[in-house]
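Down below is the structure, laid out as structure tokens.
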Amino acid sequence: MISINDLSYSFDPQRKYSVLSELSMKVKHGEFVSVIGPSGCGKSTLFKIIAGLSEPTNGDIIWQEASSTATTRLGNIAYMPQQDLLLPWRTVLDNCLLPWEVTQNRSKAETISMIREMLERFGLAEVEQAYPNELSGGMRQRIAFLRTLVTGAELMLLDEPFGALDAITKREMHKWLTGLWDGLAKTVLFITHDLEEAILLSDRIYLMSGSQSKAPMQEFIVDLPRPRHSAMNYDPRFLKLREDLERRLYDTHTS
Amino acid sequence: MILTPLKRYLRDYGLALLLLLFLLVCWETVVRLKWIPSFILPAPTSIWNALVENRRLLFGQHLPATLQEVIMGFILSVVLGSLLGTGMHLSRRLEKALYPFIIISQTIPLIALSPIFIFWFGYSLAGKVAVVFLTAFFPVVVGSFDGLRKGGEGYRELLLTMGANRWHLLTKIQIPLALPSFFSGLKLSIVYCVIGATIGEWLGGSKGLGYFSRRMAGNLQSDEMFAAVFLLSALGLVLFLILVLLEKILFMKRGSSNS
Amino acid sequence: SAGKSKQPLQKLTLMLDWYPNAVHSLFYAAESQGFFAEEGLDVEIRMPADGNDGLKLVAANQIDLALSYQPQVLMARAEQIPVQSIAAIVRHPLNHLLIPAEGAVQRPKDLMGKSIGYSSIPLYEAMVKTMIKNDGGDPQSANLIDVGFDLIPAISTDKVDAIMGGFINHEALILAKEGHPVTSIHPTDYGVPDYYELVLVASEQGLKNNNTYLKKFMTAITKGQQYVQEHPDEALSILLKHEDATSPLDKDIEQQSLQILLPLMDAGDQTFGYQDPESWENVHQWLIENQLLHTDVKTEEAFINL
Amino acid sequence: MILTPLKRYLRDYGLALLLLLFLLVCWETVVRLKWIPSFILPAPTSIWNALVENRRLLFGQHLPATLQEVIMGFILSVVLGSLLGTGMHLSRRLEKALYPFIIISQTIPLIALSPIFIFWFGYSLAGKVAVVFLTAFFPVVVGSFDGLRKGGEGYRELLLTMGANRWHLLTKIQIPLALPSFFSGLKLSIVYCVIGATIGEWLGGSKGLGYFSRRMAGNLQSDEMFAAVFLLSALGLVLFLILVLLEKILFMKRGSSNS
Amino acid sequence: MISINDLSYSFDPQRKYSVLSELSMKVKHGEFVSVIGPSGCGKSTLFKIIAGLSEPTNGDIIWQEASSTATTRLGNIAYMPQQDLLLPWRTVLDNCLLPWEVTQNRSKAETISMIREMLERFGLAEVEQAYPNELSGGMRQRIAFLRTLVTGAELMLLDEPFGALDAITKREMHKWLTGLWDGLAKTVLFITHDLEEAILLSDRIYLMSGSQSKAPMQEFIVDLPRPRHSAMNYDPRFLKLREDLERRLYDTHTS
């Protein structure tokens, strides 16, 4: 689906200090891959680059079997930003309609009924006509997630989509997301700080180190059988994996 | 239940009305005591009398003429002004190329240009509308241009990832964000339209409140002149209030930004 | 050449009818030749923003003297503006009907169905109408347009067929110079009474309080006018030099203008500035006929020969 | 390295310069071919000649006089205008009481009021500054008032929990949020100051570019008149650019809002 | 410290639908109390009321041993909102100085050196002069947290303060916060969705149900010894507590 080779990125034009340096990773079609790493290590920046919002300073991104530039990717990859970025002057429904307004890839009625269905599923049916400032943080986040789904793109970049949700609501969303992912041919790249979430959902997890000296990306394979469900939390294999992952994370952070 | 809105109005406008009354009384007194000669500043009552006496002429003939110029000039200002502002926002080159000319158009005293206007437009309505436009389009340009410049970087990027083109960005993000600033421009503009119409009528013509006021000034009839000036002010006020109302309705429907 | 005087000079303010030009030479001559100082006066000359500012400000005692037009003084009095004319500076109309020299219009009657530009003053409207009517035409059929400040552009670009409000010593000359020669039709030939184009006005109050100074002022400007008559070239260069300091004048135009003006300012046997009661009465009658006076005015109160 | 900024300037202003040149050539041609009489619109070269000939008068006497009025009027407009805007923002009553008067002050044709001005201010500098103020303060009021109204509800609440009073809210949140809108107002205002000075000089006075242009207009000395008008425009342009620069410097230092 | 009795709150003026209804809770001086509950149940609304930003529709809040109104509390309780609300036109340092500018309760130099020290501690020393839009989500959150500390108020309301932090950074912050809380006489009221975090830090946990029919607030006592440390995660008592809590939460949600 997408493969990133030796990517570097620097915000400052003199390129003295790089946020990302010589980073490589690969996501196969239909895979669910999580990215975890310390705060400020460049996860969101990486997503922005993949989405095509910034051109990397160095390196190559192979997308749809060819070397690609930011412009070719921009608009073809669904991106859920870390801040919800709901338009404050639009109701929930109109916010969700935004991707459709841009792409017009379906009939409007169809899109609305699809959105209504999802709102129902996410427990947000009642707030369809509310404005974002009348919503709680978690509600906003779910709507931003919903909006990302409406784009219908095959590759989805989700930047901490469930960070502001309580355990139970989050579980609902996980169920829904895995269902979606199983049913449709979606590829998901997922940033999270919740290790259990990462293990529960992912095929593979990338650990970003955030420091220049160490290997910038480490791969961690989650070899749990699918379908998975949240009760697995207390499964010893799951706990083992979690402990492993935590150690790996801790190692990259300190040593 | 019936009293509440009345009370609210009284609270909001009570001070305004009191101030107005107080000023009117002061004014009347000052004139009556001949501290200011009435031919320089007539008393409010004389102005009112002149207004009533000339009501048919003023309301029947001159007010409609001026109103027409104002409305046409305003529409032109809004349309061309926002087009200019948007164009300048979209192209840095256009901005650099046009801004100087726009500013020049504002610093040239219209009276200096009046012969050119007469040369081009004669004494037609078009000439007057052109003067109104010239007096009133600048705030619309600045309002829309400055409004469109307003950040919204995050929203922009989001829309770009959805495959938005320039047009989408403009209509979905930048115009909604620009609206408050645009409305500031409109509110200034409508007020300037009134003065623009007055100036336009001075440059030549045979009707309109500006024409009437000047004619009465020439005739040394201050009461009548001030009656026309009063109507001009009232016109400006009413048009301004209509815009404020429109603004309120528009922004009431919108959820307000949290930050 | 300032006159020696032990007493401090009395300050007087004079507001012109328009910007300084040849017609005002007498004031500048009186000043530069020290005639004002000899009379113990210190005269400050002001320009108006608008045609009637002078009348109003004199009446309000903000200034002492102003230049205005004879009919305007009567109209002012009808509006309870307490001003009085104290001298006739230009004794005949300068304001003629101006028509393109080689056009279809040759006389007032030809203006029926045509458009005529005038400069914002209803008085001029009345003059045009009187002239058309007197020439046997129907004044209602003429289309009168208030062209504000822009008399010259209006006629030179053929937007109107004639203008009223242009002076023979100014607009007519400029139009000729710019290649648009005009014929000037004297309003008195067509029923408008001969009137004083320029009069000097003071307020009733001022006449009471400052009578002696106003008389002295008259003495000084009479000398000034005499100087202008005897030394027109010098007088003109005094004016031009004065004006060069802020906004230079066109020398040719002003020279021709002065030549036109001098005979029209001459009071003949009478002292300079003398006002004839009959002239005031004629103008008064004509204004009444044309409904330009809204209240009754006593002619004899409108002027005074100091 | 040295070429880059030059190139940037050429890219940004190249079109403007070309357009200017093109217009000048057209203009000159049109006048030379006598499509427009030169006393209505003189050729650029004649204007330039008039400018050079009268340079001592224009630059030595009239420009400084006008500049002084403009600067003083602008300062007054900014100070009083923003005070009014802030006061109206802080008190709904004050808003309702003052807005009508402010609008009336904008719809009254100043020229019609000339005797009143002279009556009150005589021929002093104060009178001219008052006219400049009257022409130019309105955009500052609208800019600051509309700017201060801008949401920021979240920030406001945060500050309240820190124990902020009204003054803190105003200075820490509302004024920073209002700055872009305020600057839109200032940019309009400075341009109107120039035209305000011109009007002020018409109402009475004996120097300044407005005075000069009026005198020359009366005399149909169009070259000289347009030379003065040209200087007025240049003045407006320069002052406007100074403000734009100031705005840029101010907002460059500020991190821009993300949403 | 603060005790809330039968508090109700409704956004809509007709009071038809209440967000909070007849809710009671109590926080003692020096306690660390967490609030957990489903997204949209009214946690943030509760905090806003406690902070004094909204007046409750009904009920009483006893503060400093007396019945209090919103105005008496406003300005005396430190509040960290769910959105970071950093002022975009101020640098990190200036944002942190904001509470000081309002209260002026110390010398400026002292405040700055205190802020610098904390920035260092939070791994943010380098971004002192950066603007908020140049920071990652987690960095912004830490700065908002720091800013709350600068107010110096005794009672602190923290609305999901570490929601956007990775496990390791979060652990650092926990260490720091418990240290602060042990050393100084601070009282903390804490919203979180992370059950482990809640157990690790709290003396007591309130579970908000979010539905009108059930008891709106349930108390859950965390009887783990102090000092606690993050390695406790795998301690059986800890796991037991967590499982308990999760069940309780799940029960309130479904039954």
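Labels A, B, C, D and E are assigned to the chains in the order they are written; within every chain, residues are numbered from 1.
The definition used in the following text is that a residue touches a chain if its C-beta (ideal position, glycine included) is under 8 Å from a C-beta of that chain, and two chains touch if they have at least 3 such contacts.
Keep in mind the model is a prediction, meaning the values are calculated, not measured.
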Counting one step per pair of touching chains, how far is subunit C from subunit A at the shortest? 2
Give the chains in contact with both subunit B and subunit C, ordered by label. D
Per contact tally, chains sharing the most pairs are B-D
Farthest chain from subunit A, going by the mean of C-alpha atoms per chain? C
Length of the line joining the C-alpha centres of subunit B and subunit E, rounded to whole Å: 51
Based only on mean CA positions, could you tell me how far subunit C sits from subunit E in angstrom? 85
Here the gap between subunit B and subunit D, centre to centre from mean Cα coordinates and rounded to Å, is 17
Taking the mean of the CA coordinates per chain, how far is subunit C from subunit D in Å? 37
Note: subunit C residues in touch with at least two other chains are 50, 56, 60, 149, 152-153, 157
Note the residues in subunit A that touch 2 or more other chains, in rising order. 83, 85, 133-134
Can you tell me which residues of subunit B touch two or more of the remaining chains? 36, 40, 111, 115, 119, 153-155, 202, 214, 217, 256-259
Within the complex, subunit A is touched by subunit B residues 154-155, 157-164, 168, 172-173, 176, 254-258
Provide the residue numbers of subunit B that touch subunit D in the complex, in ascending order. 11-16, 19-20, 36, 40-41, 92-94, 96-98, 100-101, 103-104, 106-109, 111-112, 115-116, 119, 138-139, 142-143, 146, 149-155, 180-181, 183-185, 187-188, 191-192, 194-195, 198-199, 202, 210, 213-214, 217, 225, 229, 232-233, 235-237, 240, 256-259
Mind listing the subunit E positions that touch subunit D in their complex? 48, 51-53, 74-79, 81, 83, 85, 87-91, 98-99, 101-103, 130-134, 151
Mind pulling up the subunit C residues that touch subunit D in the complex? 18-19, 46-50, 53, 56-57, 60, 62, 149, 152-153, 156-157, 174, 178, 245-250, 253
Residues of subunit D that touch subunit C when the two form their complex: 37, 39-40, 54, 57, 61-62, 111, 114-115, 118-119, 122-123, 202-204, 206-207, 211-212, 214-221, 224
